[in-house]
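Same chain, two partners: chain A is paired with chain B first, then with chain C.
And then the complex of A and B:
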């Protein structure tokens, strides 16, 4: 039974991320007395939850054989737009708290949907590669966010309605509401990817684009939808973070896209497309978060952090590529 | 139902790609429930015809009639709606997915997108696998399957969509004898169920075993449709496939001037590569042009790449000027004086983002240096020399190669290779896709080089071209060396005998 389960897991794309995630968590729990402390676990949640939410969208694109570098900027912009609406005291007095919160959330989500639509149309219809498209929108969106912040004093927007802040503080069964949102989204997208036809289409298209096209699959439409989902999820992550931190910082989401990409690749995604799942999203982001957490707990020079993350990424990709090549050789295909 | 119903009509179809006319006014019809084979050499136009039927190409003129209905718009979805499904020559599979997902890429029973009934899909996949008595697990990952089984799965996919007309473009090229026999049985089973099969192959014995009728195409033209009865022989088919009138063409048979005692300069011994090349050995004498011919899937393409170290080999040795080459890779081969001409300008051979001058100078940059820096004058002089030699038509050597016609691009590619003054040239389809004028010039130039003592191994799918060029022709058939024909005995018929008939 155990052996069967192990054999099943071993054949999953996320197996490696599960393994190193567990190993790292156990090591931290054994060697650091501060790891299993509530404060630390709370702070881990505030990293893992929004990062996983963004990584869901990134993983969809990676399965399609694409990626989105604008996610960090979109997260920041959405948080700042929502925070901007929420911190207008005159508006709150005029409309009342519930309406302003609703307005703020909708404005935040609109940012992601619009940027996602632009990304999707540029990639699918104008045939500009995702790298160029999303680097472009990454800078444009970050620029707009900076413009909003220059009219403000200080680095963050603060002073939000109580209802909004309460949402960020509330816990259910020891987990923040943002973590619950994250888990629900993971489950929903996990089911979509495995159980619905539209979800499976991503694997067909990412696995062999020209064959999918010749079978008559609507590649362009699915590409646009996935970019919009990626934008929307980045917005959700941004708004949830603002609610949790009780402030919208101008540094929200800066350079986040690389952490997310790396998490997805460690979680079993491949830049070649056709591979990846929601387990990988969770274990990948959890691993990157645990790694950063480990550096804080042991007070290691934070500059070493990127060295280690980069090394792990290189090893994961190399081992994966080696195993794949060996398999192909055994079948006489190389 | 009347069994003589015409299910498909091809009416005066022509199609050209640039200067190459792939189909010229082709007309014939296919009956319901027959196995109809399209036979012809490489480049005869079979695959183009198939792609018109699947809706991937639109004919320049003429039209297709399916079940009495004239097709006005060519698109894969429209063809599928008319009951046409296809298995292409190149595998079109999803390696990252399972077998059952490869057989059923669409929701069952034309349901709209929704929840996948995994169990039902697996059950149906199992049934269709069982129906044809092959050993594949429906839940296996596609990438873990042998090539032949992958091909089988693709065939199952073509059948799963309830097709009336199944087009099979060389479906057996990856199958061994046993598997081919199973496959033949399946085809007959399908025909008896009333499905029409259009079959492409150039394995003549296979064609004669399976077909009800055979249509022969040659150089894009319809030649004849033959009933497969007792009177049909392999020789009748071969003479219809070849049978060109040489006196009226640009081609002429070469008269070899290589002395029998010219030193052997190059030798390949026991080259092996799984599923592609089996134990091929040959040698070439100095100044000789050795043609290597084989129909698609015979292993010539792989052999050409192995000889230049572009593909790995499982075993085999190469000797150049009596010396064994230990590292068969492009860098060391070029250093020893060999050069490779790719058959694909787009893929390898030309740097499209650089000027024509920079392209031609690429292999000899070291020699074009003055005071430690590249010298533009020397680069342009070097390029000019080749432009003149090949009479490349161009505006300026500082233009990019894309501004040139296909034939002129090909000449630029030859110039790049010849810059290193090679002693041995391995050419892979050096005149593919270019017009007749440029073709003649390139053939003449290759002949000229060989007169100067350059040795040439020329792979080509164009038989008349090889006959014009070669001192000897080596023929490959199903991965093996089928025979070597000496200059005096070279004819289309003699070469095709080796290339198309199964050797026992």
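And then the complex of A and C:
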């Protein structure tokens, strides 16, 4: 029974991330007395939950053979937009708290949808490669966010309604509500990917684009929808983070796209498309979060973090490419 | 073959747009601003372009090959800081520290090239990783030596003048002329275009594509490092923001100048013209007091437009996700 379960796991794409994640968690628990402490586990949740939510959208795109680098900027921008609506006291007095919170959330989500739509149309219709498109929108959205935060308005984003802050603070069964949102989203997208026709289409397009086209699949439409989902999920993560941290920061989501990409690739995705699942999203983001947690727990110079992240990404890309090459060689295609 | 030759001779709008754009923005700024057409403004503009131009030399080779190095901006930032650490903390002299920095950076670039060619990786993804890696290294080195002004020899490096003109400007003119002729006429340089156009065919004709790619990656790292050293020499100290976002403006400059992300197009003169266009644009935005953050937005929009036009013009041969697939 155990052997059967192990054999099953070993054949999954996420096996490597599960293994490395467990190993890292055990190492941290053994070597650091502060790892299994309430506060540390709480702060881990606030990293893993938003990152996982963003990584869901990224994984959908990676399955398609694309990616989105604008997620970090979108996360920051939606947080700022939501914070802007929430901190208008005149609006709160006129409309009442619940309506303003709803309005703020909708405004935040609109940012993600619009940026996702722009990304999707540029990639699918204008045929610009995803890297250039999303680097462009990354800088553009970040530029707007910086512009807001360095102007007068930047100082006024305080004093949010109580209902909004309570949402970030409340725990249910020991987990923050944002963690529950994340788990629900993971389950929903996991089911969609494995059980539905639409989910399987993504793998098909990622695996062989030209045959998907010749089968009459609307690849452009699916691409645009996936980019919009990615933007929407980044917005959700941004709004949840703002409600947890009780402020809209200009540093929210800076350079986050790297962490997310690495998480997805470690979690079994491949830049060539056609691979990846929601278990991988969770274990991948958990691994990256644990890595950062390790830096904090052992008081290693935080500047080294981006060195490690970059090196991990380069190594992961190299290993991914090597395995692909081996597979091709085994088939005698190279 | 005949058809291709014929197409080469045909008028291609993208070959000349950059010069028209430069003329247009030059005239616009001349007529709408008093401070633009002064010797000091134009000279400092040209001086700034000539320093950043070093980074675009190797980058152009890579774009012609159809590869890309996103770590070029990070390399630009790292080299100045690294040379500074060797000089200030290692008490080395000016020349050996600069030479060692250049050698290390070139070796790193060659390593990336080997990784890309041997494992047949997508250069974009590998250099996305090395970009983050080098940025982190720069931050670590930078924190070791904050607020240190570099020695006299280093500071004078960028200021050295020949006949009253900074040597970097003269070097830029010379390099543009030499490489433009080499890329048009020399067989070994023309191979870059063949590989960029069609790698499989180039291989069949006996061109050593892998060797070319490794050399180009090394050249890109070398020129970026040289540019970074001159840039830090100009501002007399190391700055954490040196080269941040440079890869972005380099891609924009090259694509505006008529290079294609699909490879096989572009040239040294056009890349330099693209850099000049971006510099003029930034200069104009500074004259009109547009916020730095908004400047980034404008350059981002121009990049997207330029790439769209590139795709639109090259529709007949452009494969949408060529760079993403091996």
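Keep in mind that, in the parts below, the second predicted complex is superposed on the first by the 301 of 334 C-alpha atoms of A that agree within 3 Å, B and C clash if a C-alpha of one lies under 4 Å from a C-alpha of the other, contacts with A are read in each partner's own complex, and residues count from 1 in each chain.
Basically, a residue touches a chain if its C-beta (ideal position, glycine included) is under 8 Å from a C-beta of that chain, and two chains touch if they have at least 3 such contacts.
In this text, all values refer to a predicted model and were calculated from it rather than measured experimentally.
K.L.:
With the two complexes superposed on chain A, say which partner A:12 touches: chain B (first), chain C (second), both, or neither.
P.N.:
neither
K.L.:
Tell me which partner A:196 touches in the superposition: chain B (first), chain C (second), both or neither.
P.N.:
Once the two structures are laid over each other on A, A:196 reaches chain B alone.
K.L.:
Now for A:218: first (chain B), second (chain C), both, or neither, which partner does it touch?
P.N.:
Neither partner.
K.L.:
For A:40, decide between first (touching chain B), second (touching chain C), both and neither.
P.N.:
neither
K.L.:
Quick check for you: in the superposed arrangement, does A:122 touch first (chain B), second (chain C), both or neither?
P.N.:
Touch status of A:122: second partner only.
K.L.:
Per the overlay, which chain contacts more chain A residues, chain B or chain C?
P.N.:
Counting residues of chain A touched by each partner, the higher count goes to C.
K.L.:
Based on the superposed arrangement, let me know which partner A:132 touches: chain B (first), chain C (second), both, or neither?
P.N.:
In the superposed model, A:132 contacts chain C only, not chain B.
K.L.:
In the superposed arrangement, does A:306 touch chain B (first), chain C (second), both or neither?
P.N.:
Second partner only.
K.L.:
Which partner does A:296 contact after superposing on A: first (chain B), second (chain C), both, neither?
P.N.:
neither
K.L.:
So chain A touches chain B in one structure and chain C in the other; where do those two contact lists coincide?
P.N.:
After superposing on chain A, no chain A residue contacts both chain B and chain C.
K.L.:
Using the touch rule from the top, collect the residues of chain C that touch chain A in their complex.
P.N.:
115, 119-122, 124-126, 128-137, 139-140, 143, 245, 248, 251, 261, 291, 293-294, 296-297, 299-301, 303-304, 307-308, 311, 318, 320-326
K.L.:
Mind pulling up the chain A residues that touch chain B in the complex?
P.N.:
195-198, 200, 203-204, 206-208, 210-212, 214-217, 274-275, 327-328, 331-334
K.L.:
Where on chain B does chain A make contact in their complex?
P.N.:
54, 56, 76-77, 80, 92-97, 101, 105-107, 113-116, 118, 143-147, 274-275, 312
K.L.:
Contact residues on chain A for chain C in the complex?
P.N.:
Residues 65-66, 122, 126-133, 135-137, 139-140, 142-144, 146-147, 150, 209, 255, 258, 261, 271-272, 301, 303-318, 321-322, 324-325.
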